Amino acid sequence: APKKDFKVAWSIYVGWMPWGYAADTGIVKKWADKYGLTIEVTQFNDYVESINQYTAGAFDALTVTNMDALSVPAAGGVDTTTVIVGDFSNGNDAVILKNKTKLADIKGQKVNLVEFSVSHYLLARGLESVKMTERDVKVVNTSDADMVAAYKTKGVTAVVTWNPLVSEILQEKGANNVFDSSKIPGEIMDLMVANTATLKDNPDFGKALAGIWYETMAVMTDTGEKGAAARSAMGKASGTDLAGFDSQLAATKLFAKAPEAVAFVRSPEVGATMDRVRKFLFAKKLLGDAAKSADAIGIELADGKILGSAKNVKFRFTDAYMAAAADGKL
Amino acid sequence: MTAIRVEHVWMEYGDQIVLENISLDFAPRSFVALVGPSGCGKTTFLRLLLSEERPTRGRITVDGAPLAPEPGADRGVVFQRYSVFPHLTVLGNVLLAAELPKARLSGRLFGAARRRAEEEARALIAEVGLAGAEDKYPAALSGGMQQRLALAQALMRKPRILLLDEPFGALDPGIRADIHGLMLALWHNCEMSVVMVTHDLREAFTLATRVIAFERRRSGDDRARFGAVVARDIEVWPRRIAGRGHPTVSGRDDPASPMDIGRDDPAPLAV
Amino acid sequence: MRLINRRPDRGTALVLAALPFALVALAYVLGSAERLAENPADKLLPSFATMAETFGRLAFVADARTGDYILVSDTLASLERLASALFISTALALVLGLLIGLLPLVNALLAPFVALVSMVPPLALLPILFIVMGLGEASKIALIVIGVAPFLTRDLAMRVRELPREQIIKAQTLGASTWLIALRIVLPQIVPRLIDGVRLSLGPAFLFLIAAEAIASDSGLGYRIFLVRRYLAMDVILPYVAWITLLSVAIDYGLARLRDAAFPWFGRGA
Amino acid sequence: MTAIRVEHVWMEYGDQIVLENISLDFAPRSFVALVGPSGCGKTTFLRLLLSEERPTRGRITVDGAPLAPEPGADRGVVFQRYSVFPHLTVLGNVLLAAELPKARLSGRLFGAARRRAEEEARALIAEVGLAGAEDKYPAALSGGMQQRLALAQALMRKPRILLLDEPFGALDPGIRADIHGLMLALWHNCEMSVVMVTHDLREAFTLATRVIAFERRRSGDDRARFGAVVARDIEVWPRRIAGRGHPTVSGRDDPASPMDIGRDDPAPLAV
Amino acid sequence: MRLINRRPDRGTALVLAALPFALVALAYVLGSAERLAENPADKLLPSFATMAETFGRLAFVADARTGDYILVSDTLASLERLASALFISTALALVLGLLIGLLPLVNALLAPFVALVSMVPPLALLPILFIVMGLGEASKIALIVIGVAPFLTRDLAMRVRELPREQIIKAQTLGASTWLIALRIVLPQIVPRLIDGVRLSLGPAFLFLIAAEAIASDSGLGYRIFLVRRYLAMDVILPYVAWITLLSVAIDYGLARLRDAAFPWFGRGA
């Protein structure tokens, strides 16, 4: 139904910090006003809870990875559309071994990671690359908040996690990054998604989101003082400083310009990635109890092709809003 | 008019019988003293009259109607182990007895009503010899002082039936005689029946119109299997009648000196 | 009759006790039905049928790979941790609480420290705990102990101090040493109160258990809850929460019975 | 030999003076009865002798040495508000008095030692009239029964100094006479001094070798500002000497019938 | 003299009380020095100097952009939540505990429900809580209330039942209605006990506060701790934990003084 008030949830992660910055500096308000809307931006410290709240209907839009968007809201029956592909992880997620230098050495070890998260997916992809499967290791579910401390204990020899935890852990002696997301570029995407029905009834909301994002990108990627100030504010808000934030950004392939993002989302790689992801999730029984195969949930790509069940499309990619931004039609 | 009638009352705790088939009739405005060996069931009997416990068999009526099934303002009590409210001062404890029935909502009196009640309370406190201790909390009172406080509290209400469980046990003879006088004056002037447990036979015969002795039948060791019965029931002579004159309490004007020792003991009830 | 004296008979009591539960269940059913009507795949408030099915699967269908029954192995893992932790906490609290309550010197030495420790939010100090205890069972048990023992100790010390002073004096006049006063006068009177204390801390104990298992674990009730929380599987979480609650209530009830059986004199005044 | 000497003892609570400059000398094996109005400081005085409280001024010596600074096995006590251990049965309570000093480690006796102690305890329990109640917990005892239990417990220890605070207050005359006999027998046979607070003057003069009356000086309302002093100090005549013969306790063989009322009251101490 | 009767004088008591704290501080200094010697950049056990510096920055240097002092604004945000939650919990517990303890009918109705609710691990039900209450202050306060109120209620109901039966009977003979018994006999005797109950639940209250702030918040002590936790910034976390502990101890102490001042008769037996 058409409405004027929208709620956006975001959580603290390098690729999503711009949302907090935009809210703080009035960029959100500016774009909301332009379309005659109000947009309330809520910060979560707990990523999982933000997904849960979106899935339960408390929010209209959410920052999330492509994998979690499929496994939680989509699998939970909430038809979800990607408004913006903000970036993909290009080294932000990594497999780290203690005192070992090759991924193959992971065989037989206990691996601490957040189960069913992108870390789990990264591990699966890494193991694939060295012809192993998850049966060759033992996965121990470990909360992300405690990952750094966990790594410092004796019994922990292998972890898979994301930034800023990765850079913290890599500072330890003997910590080796043996496999990271730069080896699977484009597979772990950080998105801004919105409820499909809401978006359909209120396309202005999607446009506002795109407007906010690309204006913020412009400020942030400024090479001068303005950009540094913005990045340093984002760094501070995520608990680090400019240098720390920049190093995290370096492992992120940010789509700062709309045309880049449009090109990416139209590329066939997205389809290939989503195919891998849904198979991974199905194998982990994360597509819902009713799912008989990986095809149970339909995924619509930007070009209109559908992976899986066409009758049950719950996750969609579209370039409409990013393209509008690219074409200056906001 | 408060005739209490106890009909074939039994009281048992598990398989211990405490009271066995007790039947008694108390005339209106009688002053009954209950005596008997320690542990025979006197306190239990008072608890029945108070509706704190219910008899296992038999029934109790007041003026023909069954005893109210819960304690109420018609029956005042002074417990054997002096129980006063630890969170109220001496004055507060006595005042409470006036405040509870009068201020149904706030439980407090204000203005003139409070002044009147406070005056009355202070007078009563002085009569039980606690003048000067009005602002103390019970924790700072001696045993006997607490007992007197409990008494003043119960008297403040002027209940129709007053149940006393060894109320004067911890009092010295001087203050005890004063309080005997107070008790009798109240009994004469108010519409009040009294049932008092005591171990002091002289006290029983000095105050009461009737002395009832409980006793537990014995049979070898197996004492616990039998409950107490009424062993004696003595009308005190000459008859005392409530409201008719103020017979002097013997102890008060007694000329005997404290050194006057060696007098004979009131012997135990023939058991 | 005054409300204060009005006692329900057994039947009425049962009906009354069931009432709030029935209301909550009703509210849930309505809320769930409404949400499911809107989105049949809604995960937040699954229907009772879905939950029963999921619970049945977890409880009675063996895991294909390991052959374990998930609910059983989770429960056993958690209860083992809980039992160890409660045992250690109880023992600690008994000794410390007794000493603090009884001996002025120990009171001066430890009471402020225990009071302070009971205020430290233990979850914030986990990293240090890991370094000291490792990431295994020890640190999970330690977390529960740290969460529960200071409360128990303070509560018990308070209870020791509530014993009438006369009893302690009396025991001394009967020739008791400090040791014997502790052993024969205080300890037996304190144990039933300790049992009540443990009952009150069952809730917090489970809380810390879940927190501990959420941190690094591969089995346990808390592990499962946090694992499935990632995809909002309330059809697993709610039955698990109900199951945890049921377990606690059962332990609570068992402890109350134990107390009554072992200390027949307790709670009857003196 | 236990000569107790109280020298210029003052006791104050805040600015209320309870005891004022008390000096007393108790000969070895004396049996002192302490009387006085309720609230005058008798219990407080016993608490000083027990080392439960320390005098604000003055000192107390036993056989010339300062009083031990803490309660000990040399001084037994029966408190005014009967305090027994609620977690032990009647037998357990009395037995405890034998177990605590003998089994320093476990606090329990076993085998022959236990049987001996148990026999002794059972005999004592019977003597205070609690036979048959051995396995009851205190909560199931009447007030008087609890008081007797506390007494049996204190007597089991046979302390050198026995402090009694209105120990017979809640007892009926029959059982009271029995226990008077028991007390005197123990006093004669054991090396024991007794200080007993009582409100019953006859009891005081029947049992004691010496009767001491406390009294608080009055001056208008401001009573609280003055503490109690020794008002009277009477040596009982004919002299009773511990261990010399068993003088009959008057009450026991008294032929007076329970109906024999109206005898004069022991008057209050001239206050 | 028996240990039980040996009381330290003021000076000794102070020294004794300081001892365990000194020992813990010493252990920390040693551990920290050892780790720093090995790796000067070690973050787990920062030196006191580092912590003091960080703390000073948080407490006394205004944020350039907003002009806030971080520590001050965090503390105010948290204390506001805590105060509201404790106020609501206390009021709830007072009313419910009193009714459950005093009235057999309410006891039958609510006691099993409250017992059960006190066993539910609230953190597992957070998604539902947030949906019902929204993500603002309400749900944070609600989480603390859910965590604390059932315990307080049960504790208080137990305390009401511990009042000597004689007092209730006595009040009835003085003509008190159920209402007046509650108002004039039970309530005044229960409030000091309630204060003690609140003191015991300060620890859990802070725990839930931190948990709530860790999930969705942009200020508060718990928020800050969780924000810097991913960088293992123990130089922030440890002073924050110390600060939280200090706050709780101060509240605890203040409540104890309040209780003594307002209820002079309390704790002196009867």
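A, B, C, D and E are the chain letters, set down in written order, and residue numbers restart from 1 in every chain.
Following the convention adopted for this analysis, contacts are C-beta pairs under 8 Å (C-beta built on N, C-alpha and C of every residue); 3 or more make two chains touch, one makes a residue touch a chain.
Chain by chain, the UniProt names read as follows: B, D = NitT/TauT family transport system ATP-binding protein; C, E = NitT/TauT family transport system permease protein.
Model, not experiment: these values are computed from the prediction.
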Query: What chains do chain B and chain C have as common neighbours?
result: D, E
Query: Quick check: more C-beta contact pairs in C-D or D-E?
result: C-D
- line: Here the gap between chain B and chain E, centre to centre from mean Cα coordinates and rounded to Å, is 48
- line: Taking each chain's centre as the mean of its CA atoms, chain A sits from chain B at a distance in Å of 82
Statement: Multi-chain contacts in chain C, i.e. residues touching at least two other chains, fall at 2, 44, 127, 131, 164, 172, 177, 229, 232, 269
Task: Could you list which residues of chain B touch at least two other chains?
output: 70, 81, 140
- line: Check: chain A positions touching at least 2 other chains come out as 52, 56-57, 146, 148-149, 152
Field: Chain-to-chain touches, reported pairwise for every pair that qualifies
entry: A-C, A-E, B-C, B-D, B-E, C-D, C-E, D-E
Task: Going by the contact rule at the top, pick out the chain C residues touching chain E in the complex.
output: 2-4, 6-8, 12-13, 16-17, 19-21, 44-45, 102-105, 108-113, 115-116, 118-125, 127-128, 131, 147, 150-151, 154-155, 158, 164-165, 168, 172, 177-178, 181, 196, 200, 202-204, 206-207, 210-211, 225, 229, 232, 234, 237, 240-241, 244-245, 248-249, 252, 269
Task: Would you tell me which residues of chain E are touching chain B in their complex?
output: 164-167, 169-177, 179-180, 183-185, 188-189, 263-266, 268-270
Message: Applying the document's contact rule, which stretches of chain A touch chain C when the two form their complex?
response: 48, 51-52, 55-57, 71-72, 75-78, 112, 114-117, 138-143, 146, 148-150, 152-156, 286, 288-289
- request: Note which residues of chain D are touching chain B in the complex, please.
  value: 13, 35-39, 43, 80-81, 129, 131-133, 140-145, 147-148, 166, 169-177, 199, 201-202, 205-206, 213, 221, 223-224, 232, 234, 236, 250-251, 254-271
Message: For the complex, give me every residue of chain B touching chain E.
response: 50, 52, 70-73, 75-77, 79, 81, 83-87, 96-97, 99-101, 104-108, 137-140, 153-154, 157, 159
